[in-house]
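Next come two complexes, and both contain chain A; in the first it sits with chain B, in the second with chain C.
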Partner chain A sequence: MALRKAKFRHFSYFILPALLLLVIFVLYPTFNTIFLSFVDSEGNLSLSNYREVFSSRDILDPRGLERGFPFGSLIHNLMWIAIHLPLTTLVGLFLAILLRDVKGGGIVKSIIFLGMVMPMIVGGIMIRFMFEENVGVVNLVLQTLGLEGKTWTAYPETALFALIFGSVWLWTGFSMILYSAGLETIPNTYYEAAQIDGASKFKMLLKITIPLLKPITVVVLTMTLLWELKVFDIVYIATMGGPGGSSNVLALQMYLYGFREWDFGKSAVVAVLITASTLLAAIPMMKSAGDEAE
Partner chain B sequence: MRGFSDHLSGLREMFTEKQIYIEKGVFLMKKLLVTVLVVLSTALISSTVSVIGPWSGVEMDAFLPVLEEFKAKTGIDYTYQTYRAEDLANVLPAQFSAKKAPAGVIFMWSNFITSNTQHVVDLSDVIDTDAYIPGALDNVKTSDGRVFGISYTAKVKPGFWYRKSFFESHGLKAPTTWDEFVALLEKIETIPGVKDAIASGNGVGWPLSDVTEHFLITFGGPELQKDLIEGNTTWRSYAVRNAMEKLVYLLEKGYFSEPTEWTTILEQWWNGDYGLYFMGQWITGMVDDPNDLAVFSLPGNRGMVFSIDYAFVPEYATNKAEALELVKFLSSVEGQSIQVAQGGHIATVGVDMSNYPAVDKEIAKLTEGVETLNDLDDSIGGLWQTAFWDQLKLIWVRPERLDDALMDLDEKMPK
Partner chain C sequence: MRKSRREIVLKTVIAWIIALIWILPLMGVVMTAIRPFSEVLDGWWSLKPFTATLSNFTGALNHRTAPLYRGMINSLLIALPSTVIPLMLATLAGYGISRYGFPFRKTFILTVVLTLALPQQMIAIPIFKIMSTLGLVDTYFGLILLHTAWGIPWITFFMRNYFKTLPTDMEEAARIDGAGDLGIFFRIVLPNAFPAIASASALQFTWVWSDFFLALILIYSPDKLLATQRIPLMRGVYHVDWGLLSAASLMVMIVPILIYILLQRYYVKGMVGWTIK
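Our next item is the complex of A and B:
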């Protein structure tokens, strides 16, 4: 008993510094932010911040149903997820399979991965110019195909999509690299056995590759989803949420409430919303990790 | 034995003495080294002033000669950093609450300076307030008359710039009525090689707000600008709508280009892709041949935005004495003469006209008889300014959304 107490004491000495850091830099700010979201401008505890934020057109704009963008930052984030998530996952998987065991594949993968390595602020500036009418590479391609180009980030109907597709270019390297690593863990004997049994390449992909890449897929989906919920820097630098709020996202709105309007209560509400969403998104990954451990 | 031990003692004494001398010597060297380091670092730290300003590129190149002259005159070195005012507005409050400042002299909006006087050095007895043109310091004065910032040079936003050579080669002339203005735009649109009649600069949004303010002032009068700044009228009022509808008419006709990064489109306009470009006076310092420049205001215009650059010294500046020397220089005739000679600036102290380039003298003539006004979005600031720029970017490409935009602007006005 005494030995166990001593062991526990020693254990706690080692864990205490990390715990302290966790409490000071993670738990305290989180709970303080949640508390702040319930403090109104008079200093009283109430739900007025939540009422103001969720009734604000910056978060949800029903006028969008009639006239188009903007729909509100919450809807824009959901659209971002709906387009960016499947595209990045599928394109990353496709590239990983395509460039496997190909001469020069490593160099190509490194080039694709550059998008992940560069700061997102730089990525945002590049997206802004990529979609610009006169100097943008996107318009150059469109004009080669005989189509008319424009400054995609200047129009409410296309600004958000320009950012989303630009971010697919930036983020695909992440899923590609994870899938590349995952493909290396699949034993070749499975494919050889399948070949002997007469399975086609497509059937091998469906029945061997994709199922065995499930843990990687969970990680890719979760990490991508978390990033999409928190996306800020690309939007800030490329469009500042415009024109007319048509590319606004939750994280940028949180910043505008806090550092332009100086209303930290409303900013805290958006922070709570983003945190709750990311926790929900992280549950499948935690569950998957738990299943694997068992 | 006695002799040997005496000899040993003698040696011991000799070595001990030597050791003492060596130790003394090392001690003195250490003292000297520390003294030199302290003097050197004190000299280095104390003779440098850090400056934060909004200018980069060509505009920064026009400001640096002023700092160079200050350095040559006082021996005080400088460092210059570019920071946008809207970014400083986020950073400075936190720094001030920690009793820190990122620089010794900071260029910032006047409303920020007067809202943070507890963190700003009172300059009433530092600068020569009588040397300023009347009203130049009003925006950095508190109600009790104390001055918390300097007015550096100003820029006016006179109207639509054009190249004289472009107009001459296509037989165009500056309009004197609204109908002539629209006819001019129509004519420019038909010139081969011209993409649009008017280039629209973009960035965070201020170039579009400059054009918009010109329309508000022309069709609503200087009173409208003042009422909007003070919050005495709404964005859905008849006066605002009337002015905005003139602008929307031109946007719907396609006379304005898509908003494009303002320095990129400046080059394109200079090369003849566009006929006109609404820009502030600083354009004269950014083109190859300022003598080829000319400008006209919208016919009937009675007011002009006179945009002064203000600077202050934070209480927490590390080299406050040096910073105060710099603000004295920047508010002096000598300092501002160097700046105006670069082109694109108007002095706020009594600088002789001979210091101005020819094109800036022409601009000075344009300001005769018109009322000088504060910049609208800089005066209101905060979230509203961001919303104003954002809504203008929307109106520029979707002018039919004017009603929604005006409603949003009204809702976001500070209460």
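Our next item is the complex of A and C:
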């Protein structure tokens, strides 16, 4: 009895305040959004929102196969992942290894990490700026190479790619910092031993560095995937999903349905879709946290 | 491992070339912000003429429709309480979870981890409805409450992981001396938790300052708009005044960058520790 009392006391001091806020402002809204996604415009439970959203060209646009962008926001998110995920992970790993034994590597790391520190709304402005026709630095590079420049974010066929490559510039600092921290945990003796055995640099990378960094790779891939699925600010400020929806993404589409068209049902469906994908992406990380809590 | 001199020189050169490329866009923003817009129409890299001016900064701060100085103050009014309150609550919760057994401890931890993956879009509509019911739409109190609730899961998880690494000897000694749970927490645990609290504060403050989505759905009165909300309003409809926008961007990003520079050790530790346990 005394033990139970102590437990209750601990619970109410330490956990209850946090739990209450969590339930009211995070958990209840989450389940309410799921519920809303099944409520049609007449207030009945049905799948009509899902039917409407998945047949909508905002989400999937099969005409894209013939005439190019837009392909629909779901496909745009997938394209974001296909380009951004491998690029930021590999470049981050490369930089972490390169900067490990460079003088002033800390300063270089800080410069690259700046993209992670700035608000993403500012990041979006910067992307717009660097891809601008007259004042943008991308066109300066292209012109010195003798190529024609333009405002890359203003054309349907390039808007999304401009945003994706711009966001590589913003996000690479994340994987670089994590990999740098991971490299510090690998003892130098491993490499020394391998060197004595006559292993090449490349072999050491494949047999020592990459396998030992695997737990970090899981975290980097997961967090980057989550970021790509949730991307909103950059698109909102740089293109507003345009021109003509050709750089639209799911998170922006959710906002447009919900807070521009005030169609909560369709908006909730998109929110559920994003959440289902993020939860799927987070399974490996949740597993390790769950095991640990045993 | 021994490395040849030549290899190190080569790597250093490559590293600094990459750094230079990486910082070019930022340099562009700085160069555009400190000069009249007419000078940078053909690109900020053309240096003649070069006239340094603060007019873009004053122009952004006193913008006719969206003065940024008001936005910076507003953002501070939101970010300070939205850092302190969730840190207090989540530190308590993280400690509770790491030290005491509860019947549904594992469920709680899993819920916390689950919410880490949750997009803000998933709570947006119900939050808007709840806040309307409570009369908290377009109020700072409502937004602070929301940031607090949103910050609690990750800070709880972060603090729990930190407390698990702290030895419990001192706490047990204090308990034998007759100290109560809260006394132990405030007098022994909290001072020892300073590094973790600094890390979590730096990150939470940065994120709240940088937040755009939650502010977008809750705050709409022109005089209440936060700094991040004023940047889209400065863009203009027909032509973009990059001088003004660059100056505004610099001022909005300087706050998190200062925190990063001042608290770099804690910042990076937080980032790494929060993702890698």
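The rule is short, and it goes like this: the second predicted complex is superposed on the first by the 274 of 294 C-alpha atoms of A that agree within 3 Å, B and C clash if a C-alpha of one lies under 4 Å from a C-alpha of the other, contacts with A are read in each partner's own complex, and residues count from 1 in each chain.
Quick note on the criterion: contacts are C-beta pairs under 8 Å (C-beta built on N, C-alpha and C of every residue); 3 or more make two chains touch, one makes a residue touch a chain.
As the structure is a computational prediction, the values presented were derived from the model and not from experiment.
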Classify the contacts of A:K150 with the two partner chains as first (chain B alone), second (chain C alone), both, or neither.
first
Please work out whether A:I107 is in contact with chain B alone, chain C alone, both, or neither, and reply first, second, both or neither.
second
Between chain B (first) and chain C (second), which does A:F259 come into contact with in this model arrangement: first, second, both, or neither?
both
Quick check for you: in the superposed arrangement, does A:N134 touch first (chain B), second (chain C), both or neither?
both
Could you let me know whether more residues of chain A are touched by chain B or by chain C?
C
Answer with first, second, both or neither: which of chain B and chain C does A:M118 touch in the superposed model?
second
List the residues of chain A that touch chain B in one complex and chain C in the other.
132, 134-135, 259
In the complex, the residues of chain A that touch chain B are 57, 63, 67, 132-135, 150-151, 154-156, 240-246, 256, 259-262
Name, in rising order, each residue of chain A that touches chain C in their complex.
7, 9-11, 13-15, 17-19, 21-22, 24-30, 32-33, 36, 95, 98-99, 101-105, 107-108, 110-114, 117-122, 125-126, 129-130, 132, 134-137, 139-140, 169, 174, 177-178, 181-182, 188, 191-192, 195, 215-216, 219, 223, 226, 229-230, 232-233, 236-237, 251, 254-255, 258-259, 264, 267-268, 270-272, 274-275, 278-279, 281-282, 285-286, 288-290, 292-294
Please name which positions on chain C make contact with chain A in the complex.
1, 3, 8, 11-12, 14-16, 18-19, 22-26, 28-29, 32, 40-45, 89-90, 92-93, 95-97, 100-102, 105-106, 108-130, 145-146, 148-150, 152-153, 156-157, 181-182, 185, 206, 209-210, 212-213, 216-217, 228, 231-232, 235, 240, 242, 245-246, 249, 252-253, 256-257, 260, 264, 268, 271-272, 275-277
Seen from chain B, its contact residues with chain A in the complex are 89-90, 202, 204-205, 258-261, 264, 268, 382-383, 386, 389-391, 393-394, 396-398, 401, 404-405, 408
